[in-house]
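Labels run A, B and C following the written order; every chain starts at residue 1.
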Amino acid sequence: MILFVTDFGNDGPYIAQMKAAVRRNGYRGDILNLFSDIPTYNIRSASVLLNAYAHDFPEGCVFVSVVDPGVGSNRLPLAILADGRWYVGPDNGLFELVLRRATHVEAFKISWQPARLSASFHGRDVFAPIAARIARGQGASLLTPMSIHDVHRVDWPDDLSEIVYVDHFGNAMTGIENAPGLSGVKIGGETLPLVRTFSDVEEGAPLAYINANGILEISVNQGRADTYFGIEVGDAVTPIWD
Amino acid sequence: MILFVTDFGNDGPYIAQMKAAVRRNGYRGDILNLFSDIPTYNIRSASVLLNAYAHDFPEGCVFVSVVDPGVGSNRLPLAILADGRWYVGPDNGLFELVLRRATHVEAFKISWQPARLSASFHGRDVFAPIAARIARGQGASLLTPMSIHDVHRVDWPDDLSEIVYVDHFGNAMTGIENAPGLSGVKIGGETLPLVRTFSDVEEGAPLAYINANGILEISVNQGRADTYFGIEVGDAVTPIWD
Amino acid sequence: MILFVTDFGNDGPYIAQMKAAVRRNGYRGDILNLFSDIPTYNIRSASVLLNAYAHDFPEGCVFVSVVDPGVGSNRLPLAILADGRWYVGPDNGLFELVLRRATHVEAFKISWQPARLSASFHGRDVFAPIAARIARGQGASLLTPMSIHDVHRVDWPDDLSEIVYVDHFGNAMTGIENAPGLSGVKIGGETLPLVRTFSDVEEGAPLAYINANGILEISVNQGRADTYFGIEVGDAVTPIWD
């Protein structure tokens, strides 16, 4: 299974062009859009979400991760093998959280060059083809092992106490992972104790809970947390520890 | 064929997570997003649209229907077999119109419990896996027959004289089904006689017609009915009968 | 491979209904949404984008192209074979750019009539079924050759000096194709020389470049060209030739 994690949007031609590139490179299995709406150019959000949501998928999956404000500049094209899952994309910090959390990691420079390389769409020209070949078990000759210490790293705090994503319902995901001692969150002057799920609070009331992928999320039962709190991606929140 | 009818949005990870859950449970056929944008938390709209659009699909199809404001509370997980099509989802009124219109109906409680059950994403954890197994013809042991009288019912009028959905073009679908004697609709001070299609009125003029799935729809030829009439989901309309 | 190019939107049931129609007509291969968000009713944009993006795909692909403000009126249903790729859709000018640019073209009237023909959704009832049959190599008996001179033609200029599409990032595509002597563009009082890619200008600065599909595009490095210039689809730009 190949999964796309991008900021390309569901609209427009880009996702279809990447899917067709996967097919042209011989992979016949499922291709899913895990996220097409990573906040635009936001490597930090992408890194948190990629790590939190990849765990839902089995070993052998390949994540094509393209949030790439520097496309066309000289950042490396990268492939990471972390705990049995593959990640391909630009070497710009996208894999920071995966690298921190995984127990076994190998890094590779993508040494393959396509016959046609555009200056602005490496998702189609490099990353989707490489993902197809890795998913077919034919990536080895196209990748050059590199030291994990040569991967571009970023010194974010270990838990990112900020909003990294707002979903279709207005639920606000944070970069804070579930951990012993986490008991709630402060946001917009309110203190929200951790509850189990939406229906634990009144309709229209806000709540903080650990979402189905293990990160702290702020919601309003049958309402929108983004409008309730006037919050957006990048805004700070304050976790409460016992 | 498995079809998703949800209010999850096309953006975000939820649809991909449900598709992956279907695959993990062994179903290899097509998975289509029939609606990912049911008006949020709107069980009434979902019920009308599910019934009107399911008829486009052959017997044996499985509709994963998740509009579930009460997720995590104690409402039952349900499977309905109606005129040869399967519907799985929460027992909250979603299947009201299907139950009223079908000629042969059987109801089942989903007695299977997943190894991992989140408090907020039963689409991924319960309904997609069950749909996969039903589609593979292996649902029987996971379902317990129940009386159709124990399904949660809702006392909506038989034709819902209101806007249930506004599409990408601004066309406003109603809960009114095509029937002998229906000759038009009153909306926003205007009376619109039923016409056959868009090009039967001038460019920019409003029209009422029976859409390609048999429900009364209000449109503007090459314009937007939602902005023309200032209408939105839930607004009342008045059908005109001969 | 079958590709949809429509103004139907990613939301709503229409794309899934067309995919199901393809399956009902026996085609089992990939179906991709190349564009679901062609500017609504905009045949001109559709014609430019269809031509520019079809070249990314191999011979034998079938493009179901439905931007169809006159649906239900008496315009012909058409199939075009151009340089080995098939295009099906209404005869309303959609194929103008494909017809001008291709070196080998054949035109066909779709003579097949479905058992059920709605007045408003020929994408589902005519074009998707025909595409499925063409993709299976079984289109011949359903198509009647017609003179290329009988296809509806439009007298647009050869390069459309206007915005035809704005993508998820706010990049504005034009109808101007890459050509020797093209050196830049004037827009909103600014003159933008042609550069290679985003990172060739400062963050926040505008640029003009040839996009990954060979058309002139106006962008802002890590910003939005649509808001920077206050531009939208249909607005004029002025190409600069050496």
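In this text, a residue touches a chain if its C-beta (ideal position, glycine included) is under 8 Å from a C-beta of that chain, and two chains touch if they have at least 3 such contacts.
Because the structure is predicted, anything quoted here is derived from the model rather than measured.
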Problem - Cα-superposition angle relating the copies subunit B and subunit A, to nearest 5° - result: 120
Practice task
Please decide if copies subunit A and subunit C contact each other with the same set of residue positions, more than half shared, or with different positions, and reply same or different.
Solution key: different
Exercise for the section: Could you please state the distance in Å, as a whole number, between where the Cα atoms of subunit A are centred and where those of subunit C are centred? Expected result: 31
Completion exercise
Among all residues of subunit B, those touching at least two other chains are 10
Problem - Complex contacts: residues of subunit B adjacent to subunit A - result: 7-17, 19-20, 23-24, 40-41, 69-73, 118-121, 124-125
Handout entry: Residues of subunit B that touch subunit C when the two form their complex
Key = 1, 3, 10, 30, 32-37, 49, 53, 56-58, 165, 167-169, 196-200, 209, 211-213, 222
